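To keep things simple, chains are lettered A, B and C as they appear, and every chain counts its residues starting from 1.
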Amino acid sequence: MTPDMPAVIQVENLTKRFGDFTAVDHISFEVRKGEIFGFLGANGAGKTTAMRMLCGLSHPTEGHGTVAGFDIARQQEAIKKNIGYMSQKFSLYNDLKVWENIRLFAGIYGMKPKQIAAKTDALLKRLGFMAEKNTFVEKLPLGWKQKLAFSVAIFHEPQIVFLDEPTGGVDPITRRQFWELIYEAVEQGITVFVTTHYMDEAEYCDRVSIMVDGRIEALDSPRELKQQMNARSMDEVFRQLARKAQRSAD
Amino acid sequence: MPTSIAITQISKHFAVGKTGRVQALHPFSLDIEEGEIFGLLGPDGSGKTTLFRILTTLMLPDSGTATIGGYDIVKDIKKIRETVGYMPGRFSLYQDLSVEENLRFFATLFNTTVEAHYDFIKDIYTHIEPFKKRKAGNLSGGMKQKLALCCALIHKPNILFLDEPTTGVDPVSRKEFWDMLQRLKADGMTILASTPYMDEAELCDRIGLLQNGRFIGCNTPERLRAEFTAPLRAVRATEMSRLLRDLRDYRYCRSCYAFGEFHHISLAPGFSDEDLTGYLKRLHFSRLEIHPLEPTIEDCFMALMQEGGSHDA
Amino acid sequence: MKQFWAFVKKEFLHIFRDRQTILILLLMPVVQVLLFGFAITTDIQNTSVVVLDECKTAESRALLNEIGSGRYFDIVQYIESDRDIDAIFKKGKVKIAIVIPQDWSRLTGSYQEAPLQLIIDASNPNEASILTGYLQSIAAQFGGAEPLINVETRMLYNPQLKSAYTFVPGVIGLVLMLICTLMTSVSIVREKETGTMEVLLVSPSKPLYIIFSKTIPYFVIALINIVTIILLSMFVFGVPIRGSIALLFGVSITYIFASLGLGLLISTISQTQQIAMIISLMGLMLPTVLLAGLLFPIENMPLPLQWFSTIVPATWFIDMTKAIMIKGLGIGLIWKQWLILLGMTVLFIGISVKRFKIRLS
């Protein structure tokens, strides 16, 4: 863990209301550089809303925060340039070839064509995808797609990458290979902010926060949390906390 | 126990483009007993959904036969459609209709009424009844699954097919969902459910493992674990990422994967704990922790996948 | 049967829950009738005219007075030389220049052919020929001379040449096609896309119920639309219904069934809502607008297109509606067209019922 590292996400009393419904209720936390931060919560606990605010897609009702050093309420465009994002639902264009997807997303983040070309080959070699450079993404197995999507999300070397349930529906071996990619990214100094429903994956994280009804109910390393709550697994920790939930739907 | 679902050498392929062909299911046979919860484990694209569609008469197999409750899946379409409940992988209710409207519609669809079988679904329906006026599209993931289950049960089927009922649902709702299945099983219902979550496998009477359209194993969770004979160790140290690479380089390593805060390493004959500890000490790992371990279903599945060889990536 | 009504009820709920769509469905006919009536009108009114009167006699002034006093033409300028004509046309405001030659009065007086020169901006050929027609008829009826041959033209059924008479049947044909075909096909394909079709198929309900229940709500909406269009055209544009209203509705209902049948047919061949929409719009709306006699008379089309227009259901419907509304004809004179339309309906529905799969492809 990295207590001496500078914070790359800093949030204080962040709140989002929709009418009289408080989706995110005064949450405060810090994520340090090079950390893998697990952002857990039941369906409807407010994870997605909170993540949208961090990515500069949604304006907070109250509170403030910085991501990659930029204010989430005022410098949303600067934030978008300095983060990567990948979700299970949308990641790559199925009807574009592998290299076309890379070029597209790298281009969106303002990389130069020469730079893109050189890095594309390096990336594909590292992933062992060189033979698939001209394959339509549609034709790739799901596990490959997700690995590629992750690599594309960090292609422009962002400070932080946000992963929204990145590993749904993948076989256990591919899931682990995916996490090994995450570890590599962390070794390069990228900070990882991840949501997941696989509680064993929560254990790969340096620290996890668990959201219940829009508030952060617990925030610590998996080991500490298990000790505090006298639980054998993160699954148990999660269940003990989420049981308290009052609201049961989004 | 009498057989509820009998599958004999079922296979299915799909054409891809003009010349390509994907074998979605290689021929396999399987009997599922009455009152059994059978779990079908496998990643996306392993053939789970195809199997469900064949068994629910939505698709014809290339070869082989199957009977559901004694009815043939090709000839007795009508009988089967009356006696099975089916929850497809995607949320397949009407998002713009309310909870209640959905339930009533599906009741009428199966020639029954909500009132007639209310007792049967009561346990599950009480969870969502407070939201009965809410549109299905505005329910949370867990609630949607419960509503879909109610709709699949409304005609009191004997056999229930659930295709990934808990995907994308949080652990608490998943647990509740499986508790409901256990109660249905107690009432004598046969349940065939697929899932990508390995921990759910422990809740099934038997599990079948699917990979790339091949049935690579089928047994009770206990037996599957008993078949895993290689020594297994959980290892932890300060630098987990380097530890993983170095463990894989260890000469007796058969396979090594990250498992939460530990790495699981399965070992080849000739290995000893002293040797492994010595190897890691020489590599200067600090706060080293090694202990023996009972295999989980996930360990078993990964071992079987590796034997099968051709997992994707 | 109870299942069937459960399906129908569900379809109505879908439609009423989708406020935007229901609003569009009910307002679209109104907008279309008003658009065709006011914007795309082919009626001629207050066309600007310049005159070069080289004759300058009492007769020529009387002729010009006759032309300018009607509501069709406004004489905006008298010019002195034919060199000015070009410049005036280039400004685009003036559509016609009338040149009365020096000896015009003399020729009319002496019972000889007395030519007038008309210079017309023909960038819109349709409009140009209508203008010519109007001017010719004014000139022919001009009482300054006893014509050699008295040609009397009588415009039957639509003496004022109101374009509303032709477009109202066309708009009915277009709107019904859009609503019945497009909406039916899209709503069936949507169930395929969202996966609910899978559940419906696994249930013991009859496949026929599934598809026919889809058509009922759009049938009702289509009827409402017909009434809206007819009321609008009667009271806003003064289009009469000379024939039997019952017959008009009988024919319309047949056409609605044909359109619904086409919608079902499209749903059996489309896998996505997008495809269903493109086929419905491009494949049906364009032929209905262009080939069914809505904008352009079928007789003037090249032969292959004329053949093609016979397989467009709207051709027969528009033909029959015109006959009933404008000419006041009875069933005795349109039964052939009606049978053809009925045949098409049976064919569409038959094929779609046969093609509807009880399994996933």
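Simple rule for what comes next: a residue touches a chain if its C-beta (ideal position, glycine included) is under 8 Å from a C-beta of that chain, and two chains touch if they have at least 3 such contacts.
Here the structure is a predicted model, which is why all the values come from computation and not from measurement.
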item	value
Neighbouring chains shared between subunit A and subunit B, ordered by label	none
Chains most often in contact, by C-beta pairs	A-B
Gap in Å, rounded to a whole number, between the CA centres of subunit B and subunit A	26
Centroid spacing, where centroids are CA-atom means, of subunit B and subunit C in whole angstrom	59
Rounded Å distance between subunit A and subunit C, as computed from the means of their C-alpha atoms	57
Subunit C-facing residues of subunit B, complex	53, 56-60, 77-78, 81-82, 84, 86, 88-97, 101, 104-106, 108-111, 135, 151
In the complex with subunit B, residue positions of subunit C that touch it	2-3, 6, 9-10, 13-14, 17-18, 194-196, 198-205, 358-360
For the subunit B and subunit A complex, residues of the former touching the latter	42-46, 131, 134, 138-143, 167-173, 175, 196-199, 211, 240-241, 244, 257-261, 298, 301-302, 305-306, 311-313
Footprint of subunit B on subunit A - complex, ascending	41-45, 141-144, 147, 165, 168-174, 176-177, 179-180, 183-184, 186-187, 197-204, 222-223, 234-235, 238-239, 242-243, 245, 248-250
